[in-house]
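Can you keep this structure in mind? I'll have questions shortly.
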Amino acid sequence: MNESKQVLILIRTCPYGMASAGEGFRAIIGLAGMEIDTHAVLVDDGVLVALKGQLPDALGMHKLEDAFSQLSDFGAKLYVHEPSLTERGLSADDCIPAEVLTDDKLRELISQVDHVITFN
Amino acid sequence: MENLYLITRSTFERTAWKLAARLAKSGDTLCFIQDAVLAVKGPVELAGKLSELESAGVTVRFLKEDLAARGLSAPADKVINYDGLTELIENAKRIIS
Amino acid sequence: MIIGFLLRTGPYTSQNVDTCYHLAKRFLAKGHGVRMYLYEDGVINLHKEIKSPQERNVPEMMTELAKAGAEIRACGTCARFRGIRKADIIEEAKQAGMVVFAKYANECDRFLSFGF
Amino acid sequence: MNESKQVLILIRTCPYGMASAGEGFRAIIGLAGMEIDTHAVLVDDGVLVALKGQLPDALGMHKLEDAFSQLSDFGAKLYVHEPSLTERGLSADDCIPAEVLTDDKLRELISQVDHVITFN
Amino acid sequence: MENLYLITRSTFERTAWKLAARLAKSGDTLCFIQDAVLAVKGPVELAGKLSELESAGVTVRFLKEDLAARGLSAPADKVINYDGLTELIENAKRIIS
Amino acid sequence: MIIGFLLRTGPYTSQNVDTCYHLAKRFLAKGHGVRMYLYEDGVINLHKEIKSPQERNVPEMMTELAKAGAEIRACGTCARFRGIRKADIIEEAKQAGMVVFAKYANECDRFLSFGF
């Protein structure tokens, strides 16, 4: 096998209503754990995954805020899409640490990776 | 209460809320649960529509447990918990989700 | 009062089954009857072979509702289209045709539907 | 058991991409076959179910246009929501026979039934 | 072709198409399949956006089999069948769906 | 060329599996390699107990792809969360962990994802 591919995981969905964000997390750490350069980008409703102060205990679900906070420990990098935050009246200060991407920066990141895998 | 509209999907990603907003009339209730609690953040056209509906006698509610899970909040007088939702369902003539 | 549910989505994919569980539990505690018809992927919620380490166990939640008095039935056609056999379903529930769905629609005072 | 309830089935989804419209059809004939007054209302993308000229053979799927054309044989009644048609550049002439509902007529129909069951 | 954006969900009910329309640039292709072929009917804001993108060098395509299934049609020069979609995928640097 | 698929939805619920089938069949006919990783409800597409009278049979479509050379693997964790045992899966496919998903991402020249 050649050098490792670079993969961008695009998470577009609000946490908890559908399992997409949580299952996207498992995919990210699965890839990163195999030494694949993995970029996790939260876009559209996906930016809610990064919002601080989630309390899903009453739903019996795991806190995705905590899971995504640990991505760097697994060697994956986390980004949030700024226009998606703005559209929802949120800012990077409301979120766990992540690199903020404009449309141009997101286009640039996409142009650098081999695959884009979306969690709609 | 006549009709309880129960909206479950994100108000940004889906348009289900628009049908409820279109049909709701005085005496009806719109209740946002699951990902639809994102309604507290918009989109812009939704915020305007909700004020309009409330002026016309429509009640608007958000489910506490689903707001909290997502780190969101709403004005206290519009927040109900599962017990409150149970009562809304008992008191509605019919439920449209 | 009897409350009916149509649940069309499966476990660990959508929050719908959790919402139905939290509501049904409260209705039962208040002395209401609960009828739940599981349709399409909803039938998977009753699969007794589900293993969910470190997560809530959905078929156990369904069993809990049934033991508290909820009548739970799964569309047999939907089950066959998803590889689910009668023996795969929790003992407290059963497969049943649309006749039972129609019966629930008739006997329930309120009816809730949860889909995609 | 008292007199039969009246049920309105609301179909909101485009055919074929998700099975909702087809499974909604099974629910409608299941209810109507048990002598329940069943009103099938196509609204939002659901109006596409009534569009004439569907050719799903290449997808290996059954033609929903034909299925819904037969609803009256099962004792159920079919309606299409006019504003949903208009929003999609369609008119009742493009559709199989169905009663056309304005918002007011739909509100009135809802107020006459016992249950509304949605296929989202 | 640089990026192939594959849009699968209804352009009326879902907003997935908006992200593709926002990011697509000259040399990219937007291909509408499954329920997303409804794009031929709108919504209005989509029609305007597609013309704009095409002027900017973005290619727009619709999948024939999915159009036909739903009784819809599109201008012949923008329609491809499964074989054509297979080629689009071969020729794209990456696929974003 | 090797084409990868991530499929997250199940049979008779979403058209995704059909789209994947029609594309994969054509890629195989052109001599390309196909890798398919079934995730979340996608694992159900491989259930050999599925009975689908008067409808296309999805596990048979998957078997056809595998016999034509597609490598098809299902996420084991997703399968357990849906009550699917190893023996329930068509012989031509297997359960496999995220290591295989990562391997597919690495070896594929194109990668497609189909979700909700």
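Lettered A, B, C, D, E and F in written order, each chain numbered from 1.
In the analysis below, a contact is a pair of C-beta atoms (placed from the backbone, for glycine too) under 8 Å apart; a residue touches a chain by one contact, two chains touch by 3 or more.
Treat the numbers as computed from the prediction; the structure is a model and nothing was measured.
Ranking all chains by how far their C-alpha centres lie from the centre of chain B, first place goes to F. Of the two chain pairs considered here, A-C and C-D, the higher C-beta contact count falls to C-D. Put simply, the C-alpha centre of chain A and that of chain F have 25 angstrom between them.
Rounded to whole angstrom units, the spacing between the C-alpha centres of chain D and chain F is 33.
Shown for chain E are the residues in touch with two or more other chains, namely 8-9, 12-13, 15-16, 34-35, 65, 94-95, 97.
Residue positions of chain D touching 2 or more other chains: 12-13, 16-19, 44, 59, 61, 114-116, 118, 120.
Annotation for chain F: residues touching 2 or more other chains are 12-13, 15, 40, 55, 78, 110-111, 113, 115-116.
Under the touch rule stated earlier, the contacting chain pairs are A-B, A-C, A-E, A-F, B-C, B-D, B-E, C-D, C-F, D-E, D-F, E-F. Against chain D, in their complex, chain E makes its touches with residues 8-10, 12-13, 34-36, 38, 41-43, 65-66, 68-72. Only residues 10-13, 40-41, 44, 47-52, 55, 59, 78, 80-85, 88, 116 of chain C touch chain F when the two sit together in their complex. Residues of chain B that touch chain E in their complex: 12-16. Residue ranges of chain A in contact with chain B, taken from their complex: 12-18, 44-45, 48, 51-56, 58-59, 61, 65, 87-90. By the touch criterion stated above, chain C contacts chain B in their complex at residues 1, 3, 15-16, 19, 22-23, 26-27, 30, 32, 110-115.
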